[in-house]
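If you scroll down you'll find the structure; I have some questions about it.
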């Protein structure tokens, strides 16, 4: 944890150094166009989405320096890429390219380097314009909390949140713009 | 849960609306040849297998309507496609095609649309004819129960079930037809 | 468990028949150049890395013999390939080739059969020469322990192990050889 003050309503798992991105109420996106190594990779793992250019490179690196899986990476990486890829990346500490990272699920999408920033912008703007900020905030918390819940518990949360969403302004707008065939104007409420 | 009466011997996780497919003693297969969106995707997630035609399309859709991850989807989807793909599908709510769904592991197999029903029939018949119904029933429960067990607990279940299977008629038939080089005639006992 | 004596400091999950590979302090690699079926696949699942030749074939087989998911496979397989692929492999008991095994994440890498042993040797030697044995030992335990921990617990372990690694001879060598642009001479201490 960065400071002595625990953030109320946020589980301690997401109040550690670097592990607090999941507790941020907005999507945290890593746009990766170069080497991501060691601590750099730790930080990328705690982001919600990872978009890479085809010139990106990835390595855990730790084992080649005599170090270990730092900052909770031994827990987080298998949740992102599965146990076999996590062991491969951590034990071999080899460097992989963007195509292999995509195959492993380490990155969500790969774009050619010469249109990378353009594509990142398009995708981020699409999410900022066409998706409800309220939905993003609630869904993000649902997904990360579910990692520590039974299906029953997550199901009951979803029933509660579904009822709440039906009362929201963003739901009203989400239906209205669709019927009126116009761009949405979400307020996040 | 659909009714007030809890089904004995089935954990509550699998007695919710839509989440009861894992408690059905036979494989539940989704054959998908068109758009699967929102609640449609929820239902597909609780199936055991998802076979898609190359004309299938998938979207969580919720976040674009101001809604949230409904009916336990925030728990189930990461178990199917991993955390990064689950966050991508839920936060962006973008539509993906069959090829991307296969890459994510959201569907098990993709067939060309013009032979789709034929391929689905072949695969389903193969499973109905050549696999022991008893084995299907036991294995399906083992896999879903294991989501809530330690390896030790799942291991001990498997030791018990292995002994029981060795006494079964389906095991006798499973060996006999193999040695006699003929099609099996499983009875599910 | 193989014998009556529990191995101290090792969780019971990793003291079962075949499930003890994760408790071995060195990487256990499966080099697979032929059919891996039933119990053979169980053993491969408990290895840390699986390298396959393009002539390898894989099947759980159990359900076609009237058997069940033996030796904890119903727990382990979903952790390796995700729930959908695990259900596919266990319920259909179909045979898959090396390319499909790679797509599922069941194997880490596939090499052409005529250079398979050469490639296995190169990769194993790379790991034996260029990666700290101390790092391998600690990281391997971190990853497998994390399967039974919260992120908080795994994070706290990583903070403790990070401090310990900074005092190690292998860390000193890991930095020295890098700066001196020479091959490392790790001692595992």
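Labels A, B and C are assigned to the chains in the order they are written; within every chain, residues are numbered from 1.
Rule of thumb we're sticking to: a residue touches a chain if its C-beta (ideal position, glycine included) is under 8 Å from a C-beta of that chain, and two chains touch if they have at least 3 such contacts.
None of the values given here were measured: they were computed from a predicted structure.
Listed by label, the chains touching chain B and chain C alike are A. In summary, the pair chain A and chain B forms a contact in which the copies contribute largely different residue numbers, shared numbers making up under half of all those used. We define each chain's centre as the mean of its Cα atoms; on that basis chain A and chain B are separated by 26 Å.
Among the residues of chain C, those touching two or more other chains are numbered 82, 147. Across the complex, chain A meets chain C through its residues 11-14, 16, 19, 62-78, 82-88, 90-94, 104, 147-148. Residues 27, 48-50, 79-82, 105-109, 123, 126-127, 130-132, 134-136, 138-140, 142-143, 145-147, 149-152, 154-155, 157-159, 161-162, 164-166, 168-175, 178, 184, 186 of chain A are the ones that touch chain B when the two sit in their complex.
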